[in-house]
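Below: the structure, in structure tokens.
Per-chain numbering from 1; labels A, B, C, D, E and F assigned in written order.
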Amino acid sequence: MADHSAPPACKYFNLTYPLPFVAHVEINRPDKMNAFKEEMWHELPPLFTHLSTSPSTRAIILSGAGPKAFTTGLDVQEASQNSILGPNPDQSRPVPDGARTATRLRRHVDAFQACISSIERCEKPVVAAIHGWCLGLGVDISVCCDVRICARETRFAVKEVDIGLAADIGTLSRLPKVVRSGSWVKDVCLSARDFGAEEAEKVGFVSWVGKNGGKEEVVKEALRWAEVVVGKSPVAVQGTKEVLNWSWNRSVEDGLRYTSVWNSAMLQSEDTREAMMSGITKRKPRFAKL
Amino acid sequence: MADHSAPPACKYFNLTYPLPFVAHVEINRPDKMNAFKEEMWHELPPLFTHLSTSPSTRAIILSGAGPKAFTTGLDVQEASQNSILGPNPDQSRPVPDGARTATRLRRHVDAFQACISSIERCEKPVVAAIHGWCLGLGVDISVCCDVRICARETRFAVKEVDIGLAADIGTLSRLPKVVRSGSWVKDVCLSARDFGAEEAEKVGFVSWVGKNGGKEEVVKEALRWAEVVVGKSPVAVQGTKEVLNWSWNRSVEDGLRYTSVWNSAMLQSEDTREAMMSGITKRKPRFAKL
Amino acid sequence: MADHSAPPACKYFNLTYPLPFVAHVEINRPDKMNAFKEEMWHELPPLFTHLSTSPSTRAIILSGAGPKAFTTGLDVQEASQNSILGPNPDQSRPVPDGARTATRLRRHVDAFQACISSIERCEKPVVAAIHGWCLGLGVDISVCCDVRICARETRFAVKEVDIGLAADIGTLSRLPKVVRSGSWVKDVCLSARDFGAEEAEKVGFVSWVGKNGGKEEVVKEALRWAEVVVGKSPVAVQGTKEVLNWSWNRSVEDGLRYTSVWNSAMLQSEDTREAMMSGITKRKPRFAKL
Amino acid sequence: MADHSAPPACKYFNLTYPLPFVAHVEINRPDKMNAFKEEMWHELPPLFTHLSTSPSTRAIILSGAGPKAFTTGLDVQEASQNSILGPNPDQSRPVPDGARTATRLRRHVDAFQACISSIERCEKPVVAAIHGWCLGLGVDISVCCDVRICARETRFAVKEVDIGLAADIGTLSRLPKVVRSGSWVKDVCLSARDFGAEEAEKVGFVSWVGKNGGKEEVVKEALRWAEVVVGKSPVAVQGTKEVLNWSWNRSVEDGLRYTSVWNSAMLQSEDTREAMMSGITKRKPRFAKL
Amino acid sequence: MADHSAPPACKYFNLTYPLPFVAHVEINRPDKMNAFKEEMWHELPPLFTHLSTSPSTRAIILSGAGPKAFTTGLDVQEASQNSILGPNPDQSRPVPDGARTATRLRRHVDAFQACISSIERCEKPVVAAIHGWCLGLGVDISVCCDVRICARETRFAVKEVDIGLAADIGTLSRLPKVVRSGSWVKDVCLSARDFGAEEAEKVGFVSWVGKNGGKEEVVKEALRWAEVVVGKSPVAVQGTKEVLNWSWNRSVEDGLRYTSVWNSAMLQSEDTREAMMSGITKRKPRFAKL
Amino acid sequence: MADHSAPPACKYFNLTYPLPFVAHVEINRPDKMNAFKEEMWHELPPLFTHLSTSPSTRAIILSGAGPKAFTTGLDVQEASQNSILGPNPDQSRPVPDGARTATRLRRHVDAFQACISSIERCEKPVVAAIHGWCLGLGVDISVCCDVRICARETRFAVKEVDIGLAADIGTLSRLPKVVRSGSWVKDVCLSARDFGAEEAEKVGFVSWVGKNGGKEEVVKEALRWAEVVVGKSPVAVQGTKEVLNWSWNRSVEDGLRYTSVWNSAMLQSEDTREAMMSGITKRKPRFAKL
């Protein structure tokens, strides 16, 4: 079980608390437009596991540092030199056969997926505040978040087929579940074409687009949204996220039952009374830590 | 098996037949903006079970009495006094432990859910004609209906987190299946913000919005829609609802097979011949009761 | 395993290659607005099985011949004379009981479904370029395609309830998975009303609508789209289609795992290197056959 | 929600409490070897819903009255006269078409299934103490119970194919889940042959067989087993049944998660402390009602 | 839809009718102990599709010709020379990359699996009468059958790991579903050890073992079993197989519903009346063809 | 991704290699009959993750140190003092409400489950060599293993209901999937009665029981079994485990497809050729590391 102490040290992610209970995680490699090297994704699980159980955190904003990009995705240059897809570093060893190479590749992809999925598994709501470029791995990451909002100029692309790959860090598994047009999902995944904020909103990929443009506006909106959410009962908010995530992939019957079992404990909170009382007395409710 | 006799007596729901085969169910507690007390939801299963098998009913309209609301949801005042969430009525009994309280709460939620689900289980199409406020339990109820249409001024909210609860009567299990802009669903469920008719239509929650405003217009449209549907073969209409509901949660393969087994009996109706003949002779088809 | 030789001879489908690697399949019964007789759907499995494994094919366009229709669906006149729903051809034989009739009907529907599903099972992307009427079976067919685009004047209808049937060749199983405005899906399936291109785009059924109108424009756009796709790595494109189709109906976890196992082999292609190198040297990549 | 008052009056089932917290339900139509008429199965839901929530009941024994049979299944004579499969009672009405007949039959089977399933849905463990004949519907009923034990002379048969039917009240859905010798399940269901206690135990259908023969011995063993179970914490016992039933049909992952959510409330009982303390002080534990 | 005419010509399978309605399929390559070459498995789909819909067939026996084996599985010698796993036949062509080789291999395995699965998809019960060796592919085939019986001397082995493969034609997918001693399944699949008839019966893999030994005894028992089955209503028998197969992999709820929909048509047969009448008048029932 | 270097240091588990490629993990707290304290289960994930990818390990034996027990399960004394179920350590803090307590408990159970599941997720076969007592958590652990064998005197019990709990670390989710009698599973889980080796073998829980008694015999058999397995191709063995685990919970169709995709890479190993060649030349095959 995660301890509730200090957050893990991260080299590539800034963690700040702009408001009480609101954590702001910033992808922090602006000189490379926040492109991901391997050590970056390994920083995600300890960070989001910490936030998942930290009582001081009730909502999380995820954004990219610098003016140009949420993230341009995988740092292809670094990947081609160091990673599993690059040239064989040790020419003296025999070439492994196709099965052994496949085992190495599968373990690599499994581990990579698990790092990114740590955002989805976080018990607190995560809102992605996207600006500039959001390419490839950027889409994989943003579909792990609960809510996506973006600046007017944002450009997205499911870029993987352009480098000879099927997207394998989560976009193909999650995008059909969060966007409502099958035809559009197939279009953007098979053609790798980029699309803008307006189109992203029309198909339901993002639920808010900035009016004026620029990163500040979208981060400000994310803060506003998060402030609303952290003012609610954390028992209610975290239960809502959990029950939605469970129900998403399952039958209505399984969703209903899980909800009633979950709430058999959660309805024993003091928060309902507190919420009602504060409504009557017109004061701001205060909820115990969770 | 349900008998085909008289409808059950209801205190809080009006049942009328404005057109042949079209049942109109009106939530009838207008002085409280149709807020639900416990005895109200217990009236739903006998009513919708009756309609489900009544040969005189081929489509159902569900609306709210009075000018102000479809329903504002749970009657919180009543709930806080009488229900399971209210104060312990019998101070002389010992306080049950967390497990025993949970059992009581779970059974309560299970029973509540089952009452509302009786609308979804009804074999006939149900169109929700929504106006005014549609809050909390109102959303739980409307996502059980097949088609949702609303007046221009309608305001919706998944209100539960505002009173310290995760929505547990069906919204969290069903909303992701009927809307599927993942970002929007998370937004409205986690923030409890209200939204209007235009937004509801944009994300696909409702499929029609009145032009002029007011309740009469939306009920009239519901009647028009229902009149179209009851003019079709009831074998075809009820089979379409059943097969859609089955397929919604299941794989394409399971959906296809269920369809072919279902239709192995249903293609033995006289309705296809009747539909074709009436088309040729340009008369209105007449279908036997079902 | 399918052989890679000549395509099967088809009487009712034209197969041409307007561009390298781009197959164009045209439903070819324009004098009957491309209405389907039984022998037509039996031509689909050999044709699409051939295209599925033909190394000369990387993307497929499906359209209807003639100016009037993609297809008006089942040829009801032919069906009423020859098919399983028509009059008993042999009056001398005893009338089979309801169970035996059901067995005959179920086998017929199963076989019909399997023919249409061969489009979905094809390993290559299929884009439906729709114009004019797209009714009944036309919708069943188009929801088997990956991408749907249409001309401005196109009229669609899930027409089956009008002839006393629940749509049983796939629309009811697939439409909720590619559109996901539950209210709209129920509306058009239960009422059989027709709808136009603009509405089809709004709900996400099609992902592109022609500006000027006419069939040429939509076929041209399909060609443009296919040309983009066939310029990508076929390993990446076919993997993207396969992984999307698998994930669509399954949990995120099952989708992620299937992706990593699939890619454990597919990342062993030469295509990634080729794609990267061509990017650096600014030449068009060339990918080996698949 | 069920009230906790008096049990419903039953004409065909005896309810006694031979031991504290142990309910004994006896199928009571011994002159017809406990064959089921329609009104009998309609008595099951109110009876088992009552037992499910009655705090005075912690385990249930189900057996058949009289020396000859647990039950010989459906009362075919009664069924052929009165039921849905018998002759058309009202010759003056027109014969309904195959689709309408199918609707009537499906509703009948659905309702019949729901009555029998009420045993499975009961929150308390149910042990079937079987003797003599256990045929057809007797097998449907016994596979709804948690534990099956039988007398040495018991004869079982999945009898339905002998009267021209596929068993439709639950045997075909549940037997493969509780036995899982696929070959044996198919053998007895397809051939309708009867089998004895020894064979039933070998394949795992029953978990105990009497040594000496006779009904008294098996009821005595059921009492002994029930006495053990009602001496345990009811929170633990009912949780064990619920979690096993949930996990049976689902993935290990879904089972594990449901368990942890269920227990997040149930571990808040006083029973663990009571169980541990009574162990230390060597006294019999006493658990509060549930 | 399959036609009901003459059976397809087979080179490696004998088809005889030793009793009315009982088809006997014999694997016929006794000089090679019925080892499978590629052309053999391609003969299975047309043969079993024919039997599936042939009204003259109500039960099928599958056995191996000659005294030595049901089948020793894949003909490894032939496979190593001609098949996809053998040496590259055309040294002049470039070696395809790992992804392209994988595509070729996957299509090969998919096609191979589909051929063997045609036995499982057959609508009529299939009993495997096994003697001598039953190795590798022999186990894949026998787990597709409904009932397995064997001679006393039979030796089985899931042999694939001995030649460097995970069994991929169905054993690993089906064996856990028909045996379910998890420990035993893992033991025999991971160690490739052989096991005899007694052990096969103890774990439930076969449901009958010959007393005296020899092939004649087991074929005779299969005939006896088939004779019993073809004397029952074919509507009941085929419905029982179908509903069992559907329910095996699915939840109890889905099984129950499929059963009631299936039977809504099948209860409209004449067979129930015929079965009851023949019981009363003590004559053998006669059922119409199906 | 796990590195392939030295194994993690463990205080409570001995790791030895009695044979090449055969790892022996011994639960090492013999003075407490190998009862588990919390720090013990936290040692499992690093240990089994290491073994999962270590090329020097191809099979794993799990046994308990000392003569008395595999493990008696949770160290209840330690649990009651230190753990989450014990007395509130800090009396000065306010008592959290039922919802907050539930959150703490759920996270604890989730984490505990994840530790034990690391055995199941290990890519190499694990055989549990069980002797003496195997209680509570001991059963949770052993059902995570692939193969279970035991000494003649072994006594098992699903002990949890005896201390007021439903087993929540995996027994209830996994036992129904590895044992073939529903009645027996419910019996031992609801009554907490203990059972011996003979009964465990009869129901399929273990697949081998020692003849003479004692721990040495069962460890020796485990070694013999492991020696057989590590002599096979590791590509074949690990693929067999993976495909069996995947298929166990899923439909036959999903199992078959996963198998063909998995093997599309794995059939590209050199091991098949090596296995065949060594068979022909009658030498022991040598397989490259994996």
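As a convention for this text, contacts are C-beta pairs under 8 Å (C-beta built on N, C-alpha and C of every residue); 3 or more make two chains touch, one makes a residue touch a chain.
In this text, all values refer to a predicted model and were calculated from it rather than measured experimentally.
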Work out which chains are contact partners of both subunit B and subunit F. A, C, D, E
Taking shared numbers over all numbers used, above half giving same and below half different, the subunit B and subunit C interface sides are different
A-E versus D-F: which has more C-beta pairs touching? D-F
Taking the mean of the CA coordinates per chain, how far is subunit A from subunit D in Å? 47
Distance-wise, how many Å sit between the C-alpha centres of subunit C and subunit E, to the nearest whole number? 34
Pull out every residue in subunit A that's touching 2 or more other chains. 98, 101-103, 177, 180, 203, 235, 250, 257, 261-262, 264-269, 271
Help me check something: in the complex, which residues belonging to subunit F touch subunit C? 246, 257-258, 261-262, 264-265, 268
In the complex, go through subunit E and note every residue touching subunit D. 125, 143, 146-149, 177-180, 203-208, 225, 228-229, 232-233, 235-237, 239-244, 247-248, 250-252, 255-257, 259-269, 271-276, 279, 287
Considering only the defined contacts, which subunit C positions touch subunit D in the complex? 98, 101-102, 253
Which bits of subunit A are touching subunit C when the two form their complex? 76, 80, 85, 98, 101-103, 105-106, 109-110, 113, 117, 120, 160-168, 170, 172-174, 176-177, 180-187, 189-193, 203, 249-250
Show which residues of subunit D lie in contact with subunit B when the two form their complex. 1-2, 53, 96-100, 102-103, 107-108, 111, 235, 238, 265-271, 288-290
